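Have a look at these structures, which come just after this line.
Paired with chain B in one complex and with chain C in the other, chain A is shared by the two complexes that follow.
Showing the complex of A and B:
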């Protein structure tokens, strides 16, 4: 065995071990502390969990790509809200009045395009100005939220289309529509990251940008495409979520970026870029959702969820550091 | 010859651009609405910026040392809730030091993680943002915190009082800024902060204790968040658990606007104060000329990116980036 094999295996499997630990813990604790009679490891409960993971999970797939690429996107929550408003608002526009239910695909395309454009705009600014993605998307987080308020002020935007609700609440092969979208997003991004030239270049750029430039990789377009993809996925997440709920508040999606980044980091993606996988991120998303649901199951309130997730993030970082320390000559301070 | 002048102009704009933009804004708003530069309005702008401003002063230290602090918003909520709760239990004179001690303990924990254990500050403080928010909710049980006797307490002096003809929040902001400005520019600790942020390895080889310097930076940031919480609590004498939510990003925006580099090693207290005032005056000015509140978000977006872009462009001597 080469040195480091154990730590690598531990790291790549850690998130799944953690999920199993959560399942056991909440099942056992649930026997004593549960508020409801149904068990935690109930099949329906797990299916519901997958469905509830979708809004965060879909965006997290894009964040994995962006972070592997060495960037970050703090504006996804605001992009999510804009796409949601475009989705619901456009269905009431007079020019689409004659379309009947055909307005649904039109609204979807509009919402997804707006998401993609906003993402691409971030990417273009990062590319052309050379300003750090953290700052560009921090600014966009404010700016895009301002655009959200331009639609309806502080009023919620609501529109219920029953055909759309039926579609969103449908189940195919036992899985909810939202779950299918989550699985599809995971599959497509997995394919992009592992099987395409673009994906390999994204890893290379995140790992060592100077080396990537010397190897003749055009850094800018790759970064912009990744930002467009995460914008598209933020739009898709909004489409999936608001097709069912039919009402969006101007503050919706706030703090989504934090949940998404937490899931991606828990899933083992390196914050500085160059390493990470969507499978790990999928595990991170499930782990967080399990935690929220499990703590609710044993009667803890939301405050505990925040506390536990924050501390877990810190503990993961400490463990990660300990596992990476071996064999490295650290500068003693 | 022409090239040199062009570069010099670029460098000048990059260095002083933020001040020039600031004065351009002031003049523009004053023309649009004469009420803008009246003493009353100026005082009210600075007064409402004081809470954000005090937090930004502490974060400036953290940013110069090459790290980030996203936990200050949660920390400020925590201080506000704790001091309001303790006010009725042990009296204001004991509540204030107790609150400071608890907030500083949180800052010390983060400082230990980032300084001693060298963990990534973005993720640590992101985790602590969530954890401290949870701690606050657990502490208060999720309920709003209110002082029972709002009329008869001297505690309101920090947020509502006046001294020397000026509101106390402004005086506190000025005092903290002056003190931290001196610490940063005139003491050996201040020089160590720049050294650690500029080049951590070189600083270590020069015998500068990186871990301890970063640790103290987080303590300063926590102390500033606690001071901001004190002003907030004293001003409203009652508070929700989420009072500081989202402030961490506005604080960071002010620090960046002031010209501190997120890579560390650059920035000053004076520039951060300018950044805070720009945010405050833009917010106020846009409202005074009759625009909706959300326009300030969009304007802030444009200004942040322009400010950092011009700064970088001046350094590299070219407007557009060299990324292929």
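Showing the complex of A and C:
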């Protein structure tokens, strides 16, 4: 066996092992502590879990791409809220009054465009000014959230379109609409990252920016495209979620960026860039959702959930570091 | 020296890692006041041996003796407490802190209430600095010092503990010639104090200048220890690789082609001024000069990383303005950068993807990477350059320096450039791979490439170049042909001594010539 194989296998498979552990733990604990009668491993429960993973999961796919590229986007939660407002509010605009239900695709396109544009704006600033993405998107997070509050103050923005709700609540082949969108986003981003030139270059830039420049890669456009993609996905996440709920609070989407980053990091993406995969991120998203649901299942409240996830994130990073160092020592002979 | 006992003795050290026997019964000893060179190709086991000595790795078997007593180095702190001190190739200093704080980091003298005793700290530090005879004081910020002086701070730190053995790991890697002289003086002073010194370096001239004995490792095995005075570079090289490194002068064996690149009066701010030279197809043009003479900056300008403030660049006789690396690559100019790991390779990526990185955009079908075409390219240059890797899937970070360099060279060759610029082609590469790279550069010229080689190693420049441009402080001093150049005239040129004082072409340098003083700041 080649040196380093164990740690590599452990690392790539770790998130799935963790998910299995969670399933076993919550099933067993659920027997004694559950507040409801249904079993945790119940098929319907698992399908619901997939559906509930969608809002965070869809954005996490974009975050994987952005983080592999060596950047980060803290503004996704605020972008999510803006796209949600555009989606719901635009359906009530008088100019679209004559469209009937055709207002739905129009509202979708508007929401997705706004998300894409806000993401692209972040990317453009990072590209043209050279300011660190962390700072740029931290500013954007505050700024975009400000726009949300400017729009309607503390009031929620609501609009229910029953055709839209029917679509959002539909099930195809047993999977909810939101789940299909999550799977589609995962598949498309996987394809971009592994099969396209853009994806290959994104990895190269994240691993070693100077070397990528020296290979003739134009770094800026690639970064901007990735920010536009994550903006689009934040918009898509809002479209999927608010088509069903029909009402957005100005605080919605807050802390989404942290949940998303947690899922991506749990899934094995390197914080400094250059390594990571959407398959791992998918695992990370499921693991977090399982934990939230599972702890709820055995009667823990939200604050406990946050505490546990925080602890797990830190432990995972410590383990990852240990495994990495071990791999290096074995190889460096 | 025979009447003394070794300060440090390692006996039959064995260390295995999964799948590899990194050290196979290595023995090694250092006498007090001795400089003992440890040599071997990359991967020969030098680092592992030193890690065993430093307590980072535990040996599977074998014993370390200090004086007459067997000792166990349980960890780095214990090794340090026993007087084993490392001066690493990569310095580990806190740039924002003062020299004194760095030297006594973790052991700052204190007064009541835990306050730092600054006066005492400065006194202690200045006493040590005086011994080293350096030109800065205890309160200087470390970040303001040159690399050489930062190294002195590391050495000063070593002197604060009761050092029994000091290990220098490639200490001259980033030093200029004049800075080396200072370092060697310090090492000589250290010898006086009966400390044992282990000196790890690839550079033969240094080894023969300052060491007493040489121990050679190969593939984790002990090859023997020889008295430096009784050995030659050839004999030591042979011990290291089982063959000799050919550094004879090159004579061009093929006709030169058309003019590929012409540079006229090129300037870039204060970095270099009024630089002119030309390269023909089939020619290797060497650039030689001290670090900071402007050689790398010229290469970076030709590659579009810097914008010139004046002058012309002509490619195939036509003036061009190179705006970015992608522009340079499109025009057929390629750069193998000086810092291979930092600027040349994506270490986390596999061999094939690294090699094809600049052209995946050209190879693509639709938005997709053309993996088959990539593999074909890799296979071609894998064979042609004799790259040793188990498969294309291997991460480049796991290859040896020589094979990494071949990947970078292959990356550009596969794009058939007009001009190939190679900055420090063999930095950090072991002797065996060095000669392979040299042969490769010559072979490229004979195939009709225009090659520019920048090097700080004179034997290398002399060995591979058809003509040599000598630079001093941002200016071209003189361009030599390989027939007329001598080591003396070349050293004079890069030390800033004007060409008219240099004996004419082909002339043997006069022995009455004053020793050149490198004036590098």
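Criterion: the second predicted complex is superposed on the first by the 326 of 333 C-alpha atoms of A that agree within 3 Å, B and C clash if a C-alpha of one lies under 4 Å from a C-alpha of the other, contacts with A are read in each partner's own complex, and residues count from 1 in each chain.
By definition in this document, contacts are C-beta pairs under 8 Å (C-beta built on N, C-alpha and C of every residue); 3 or more make two chains touch, one makes a residue touch a chain.
Here the structure is a predicted model, which means the values were calculated and not measured.
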{"item": "A:275 touches, of chain B and chain C: first, second, both or neither?", "value": "second"}
{"item": "Touching partner for A:132 - first (chain B), second (chain C), both, neither", "value": "first"}
{"item": "First, second, both or neither for A:200, with chain B first and chain C second", "value": "second"}
{"item": "Which superposed partner A:301 touches (first chain B, second chain C, both, neither)", "value": "first"}
{"item": "Larger contact residue set on chain A - chain B or chain C", "value": "B"}
{"item": "Partner chain in contact with A:142 - chain B first, chain C second, else both or neither", "value": "first"}
{"item": "First (chain B), second (chain C), both or neither touched by A:213", "value": "both"}
{"item": "Overlap of chain C and chain B interfaces on chain A (superposed complexes)", "value": "213, 218, 331, 333"}
{"item": "In the complex with chain B, residue positions of chain A that touch it", "value": "74, 125, 127-132, 134-136, 138-150, 153, 213, 218-220, 223, 254, 258, 261-262, 265, 271-272, 301-314, 317-318, 321, 331, 333"}
{"item": "Interfacial residue positions of chain A with respect to chain C in the complex", "value": "1-3, 195-201, 203-204, 207-208, 210-218, 274-275, 329-333"}
{"item": "Partner chain A, residues of chain B touching it in the complex", "value": "113, 117-120, 122-124, 126-138, 142, 201, 204, 209-211, 246, 249, 252-253, 256, 262, 292-298, 300-302, 304-305, 308-309, 312-313, 316, 320-324"}
{"item": "Contacting residues of chain C [partner chain A, same complex]", "value": "17-20, 22, 43, 47-48, 303, 305, 324-326, 328-330, 335, 337, 342-349, 353, 357-358, 360-361, 364, 367-369, 398, 411"}
